[in-house]
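Here the chain labels run A, B, C and D in written order, and each chain numbers its own residues starting at 1.
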Amino acid sequence: MISFTCDYNEGAHPEILKRLQETNFQQEPGYGDDSFTQSAIAKIREATGCPDAHITLLAGGTQTNATVIDAVLPHYGAVIAVGTGHIAVHESGAIEFCGHKVITLPSHNGKMAPEELKAYMEKFYADPTWPHMAHPGMVYISFPTEYGTIYTKEELKSIKSTCEQYHMPLFIDGARLGYGLASPAADITLKELAQLCDVFYIGGTKVGALCGEAVVFPRGNAPENFFTIVKQHGALMAKGRLLGIQFDTLFTDGLYMKIARHAIEMAIEVKKAFAEKGYPFYTDSPTNQQFPILTQEQMANMDGKVLYEVWEPLPDGHAVTRFATSWATTQEQIVKLKALL
Amino acid sequence: MISFTCDYNEGAHPEILKRLQETNFQQEPGYGDDSFTQSAIAKIREATGCPDAHITLLAGGTQTNATVIDAVLPHYGAVIAVGTGHIAVHESGAIEFCGHKVITLPSHNGKMAPEELKAYMEKFYADPTWPHMAHPGMVYISFPTEYGTIYTKEELKSIKSTCEQYHMPLFIDGARLGYGLASPAADITLKELAQLCDVFYIGGTKVGALCGEAVVFPRGNAPENFFTIVKQHGALMAKGRLLGIQFDTLFTDGLYMKIARHAIEMAIEVKKAFAEKGYPFYTDSPTNQQFPILTQEQMANMDGKVLYEVWEPLPDGHAVTRFATSWATTQEQIVKLKALL
Amino acid sequence: MISFTCDYNEGAHPEILKRLQETNFQQEPGYGDDSFTQSAIAKIREATGCPDAHITLLAGGTQTNATVIDAVLPHYGAVIAVGTGHIAVHESGAIEFCGHKVITLPSHNGKMAPEELKAYMEKFYADPTWPHMAHPGMVYISFPTEYGTIYTKEELKSIKSTCEQYHMPLFIDGARLGYGLASPAADITLKELAQLCDVFYIGGTKVGALCGEAVVFPRGNAPENFFTIVKQHGALMAKGRLLGIQFDTLFTDGLYMKIARHAIEMAIEVKKAFAEKGYPFYTDSPTNQQFPILTQEQMANMDGKVLYEVWEPLPDGHAVTRFATSWATTQEQIVKLKALL
Amino acid sequence: MISFTCDYNEGAHPEILKRLQETNFQQEPGYGDDSFTQSAIAKIREATGCPDAHITLLAGGTQTNATVIDAVLPHYGAVIAVGTGHIAVHESGAIEFCGHKVITLPSHNGKMAPEELKAYMEKFYADPTWPHMAHPGMVYISFPTEYGTIYTKEELKSIKSTCEQYHMPLFIDGARLGYGLASPAADITLKELAQLCDVFYIGGTKVGALCGEAVVFPRGNAPENFFTIVKQHGALMAKGRLLGIQFDTLFTDGLYMKIARHAIEMAIEVKKAFAEKGYPFYTDSPTNQQFPILTQEQMANMDGKVLYEVWEPLPDGHAVTRFATSWATTQEQIVKLKALL
């Protein structure tokens, strides 16, 4: 049986395993002081065009979101996100566990509307009772979003501008960053994105690594004692080499974007396959997650042959589904999928 | 240069890398639902003699301590540990971050004295102002301790008995569990230890894995919704296979204890080497960490030839040092070390 | 100038000040062990028809909501409220500060629709990813609501029934409880309300006291060590007599409900005054808060003569306003207000 | 029966009740915007010699400690206190509840030794693993201490100097501030104390008020959005007038220090009474709390005639006791006490 369930249902890109093998007998310091992590940081600084970037390698997405948000916010602050944002839905209240409210704005296919953010902030400070309300201290968006969509450069600029006006850092969750940047719909590069936010992370887990997310403060603007904060959140890996080797590999010879482009090519074929057979889509995603709507019959037909995620049951019995591609998706799998439609 | 700095300065046991390679192209569900994790759980249940054990694989030690303590304690509760306990010293306040005070008792070479625990509890409830004080809700000990020492079966029984009397679960931090059980000084087995506590973890990171700690609730006595708690703590790994494969390998053909026994054999040679040359020790450790006391001259002599940790400078200019062995320690390294003494 | 701004803009009911004077030279133990608190508890047990009630006197509303919610929820749990609920809007994120997400349902003039709560819970557990989502552990409603509306007995029964089905305690915020029960629209008594929830509080601050809210666990069902929890939240008053005397006075000779009925009578006159002049209302409130909609001209006309709260500016330049009555509202004030309409 | 149990076992100073009566029918805004609070702030600025002071009135001590410490510390920071400090012992873990570790130094009759603080900080930063340890971010001391002792000006200067060196604000818990300043042993004034710390509070509850503590940031150096932080901690009183009237009264015509001086005079008589009869003391307290050591027989003799607190049972069956005086202590009570010795 083949699976398009999720990009984290695969192993690591083979190049990563190869490097783990080659380096296994080296003795290296722990906690990120290993040579691989140092090398990875240098390469990510290069790739992001941020020579002063403060970069930290963490293990997973929820951990990264919770640690970064807690580190960046004033301790009494709240973070603004769209209602479908990962931190608002699928992190079991990890942000609130750290003491912070997630203020939700409407989601437009996963995206925040810049003008709605602006309007929210204007209304907030126009209300004389604002000191009695949770204090908006930063903004969180995902690139790409949980619905596969991406922001344009103009939208990011507009959101950033509101953030600056209200002294709120902008945080971009890049769990699937590569897939966003590699999309033909993207009008922004990694270097540009780094300039348009205050902190972001480059997702490894979903883009070829076994685990790992690289947190980037582009202008060296990490909060004081960020290392201690990471440790306090249980997010400091003893054998930092595991993360260092992976990111060093991903950022050698452009592997990260190669993986992303491959997955996007495969996703476009998946999309075409469904579209040609007349399947409607829940949202027009230009990235590695596709959301075709299937009937009960169509789902029954796939049973036992292909795995995917049921995203949301619809009132009429149909269902929004998700088909995700990755570094490991093959032409053979696409062919098999097509045969089932 | 050779290093005895720490057991986490090595890569993974080769068998683990081999299994990562072999399984890399399998598609597997995330979040611990992969077949490797399921297999690992079955093997750990067997090894601990706990057929009903509730077992969860997490990535690192501080994360595990914070998650377990927060899950087991009432939300207003405090945890009792010795002053040198890892949670009291080297976790950046991760337990307090979760809202819990760490109440400290005196450390006796890293160990808690059972009678001092009992006396503390008697005094606590004898004080009529106890409801105004942080509420002792569980007990934390390490096996082996941060000073390499281990508890006897009688000591564990005595601590457990006080815990039961005061309705406090007993949690054993087993970051180096294998090294404790493999010590010639140990009078307890893994199965017995599992019976003498309410929750413990089997450390992987320091015993051959790249990362990973297996949390065991021996009698299926995990708190309700433990999965959600783990996620909320940012401790749920998306590609759970990474942890599953490692623990499945460690618990196949007794690899875990083989690694531990090898490290202990090496540690005994290290100990002998120092003892024969008349070096004093800070504590008489029967496990993989040795704490010889070195003079300034002796340290200068090792400079650039061998790495170790300076544990604690002493007022007379000498220093307590730590030399740790692991699965990767070789006879060649021991020979080189001896030549320097 | 007269003020209808809020029910907490007045001093204490004179009977309370009288009792403070009379008892001032008595020496009494602190922390709620004083004789007045004990007497108040006995009287509240009587008034609520709950002989086994566990009753605690706290100082203010936000403090009470945060303490009760944190005490009742599992530490990883979330509380369900309507989007206009006090805990969701005007408590500066106090609930999230304690680690708990506030899950919001739609507000219907301040009220939760029982069927929407039921539908939410059904959908929650039907989603296989629910363990990744914030865990709904209790339900919070206000009686009366922030918009002055009240629940019918049937609605409370229906909400309670869903709560029971999903093992979620029901908490009723009674900051203005008296005004709800004294409303001619109420079809429920204090004794009945106590039976239909798991914990509620009887608001003192807004119903004649200087400060104080009485938390009632009707069936003695307070969480273990609730006293310690209260202390930990900074909510334990040293001179508990201040709260004890006030609630003892409020629950002597039915003073609490007398105050409430007086305020309701005054509110009905306020309502009539606006209605007769053709002012529209934002919501049809049967309690002590009235929400007439005023034009810019009408507001200008009142300028410098009467105070009230601008609740919400409307797009057309009009504004929802709030006029609140209390124990201290007089016929003279009503007459003056009428003269301005 | 007379009681010397605690200074919070009395009602309010009569002048306060008188003012509550006189002002009761005034309508005043809530949340600290009332005219009394504004007047109290002006008078406290005058009394402390701090024209720019940022002053906030809160209700109780634990609440104040938790709010101030959480507001001042970086969110990941720890607070240094002596082991007998109120925050370390009798606040049920309220500081840890807010996420902060309390690092304890030895107590010398309740006091921190300036040189031990300095030594601790030097050792902390000399340890290369310090980023793995809870981060000392502020210092907490009490004036007077929980054992009635007070710091000299030199000691405060020395502690402040270390604080400045390590960028740690100094917080003085003044729950019984008046009794410290009014002591004949004090070599410091209120104005001087305000210059020697970064934040302190003037205790009202134990010095004549029903409740209330005035938090003073002497140089207007309150953390941004302190109001929101107070609200989030549940520490914002709706009827702020209750606190405003009390502090306005206490700081009119020097009432606060008059109360304190009276209590000190009474305490000196208590001390003499015990000393003349040869009772030993646990500590030589120059403030309103006296700690004579009593035998079982002496305690039996007082049974039913005078109340006091048993502070600490001693191994020989004797007990350290506490006798506290206040604004309400009378010569008659002293005479009665003497008759029992």
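The rule is simple: contacts are C-beta pairs under 8 Å (C-beta built on N, C-alpha and C of every residue); 3 or more make two chains touch, one makes a residue touch a chain.
Note that the structure is predicted; figures quoted are calculated from it, not measured.
**Q** Which chains, if any, touch chain B and chain C both?
**A** Both-contact set = A, D.
**Q** Over half shared or under half: which fits the residue numbers at the contact of copies chain A and chain D, same or different?
**A** Shared-number fraction above one half, so same.
**Q** Which chain maximises the distance between its CA centroid and that of chain D?
**A** The most distant chain relative to chain D turns out to be A.
**Q** When the centre of a chain is set as the mean of its C-alpha atoms, what distance in Å lies between chain A and chain B?
**A** The computed centroid separation for chain A versus chain B comes out at 33 Å.
**Q** Using the average of all C-alpha atoms in each chain as its centre, how far is it in Å between chain A and chain D?
**A** 50
**Q** So what's the Cα centroid distance for chain A and chain C, whole Å?
**A** Each chain reduced to its C-alpha mean, chain A and chain C end up 42 Å apart.
**Q** For chain D, which residues are shared contacts with two or more other chains?
**A** As it turns out, chain D has residues touching two or more other chains at 76, 91-93, 97, 99, 131-133, 135, 228-229, 231-232.
**Q** Quick check: in the complex, which residue numbers of chain B touch chain C?
**A** 70-71, 74-76, 99, 131-133, 135, 224-225, 227-229, 231-232
**Q** Hey, which residues of chain D end up touching chain C in the complex?
**A** 2-3, 5-6, 8-12, 14, 17, 20-21, 23-30, 59-67, 91-94, 97, 205-206, 210-211, 228-229, 231-239, 241-242, 307, 328
**Q** Can you list the chain A residues touching chain C in their complex?
**A** Going by the criterion above, the answer is residues 76, 78, 89-93, 96-102, 126, 129, 131-135, 313.
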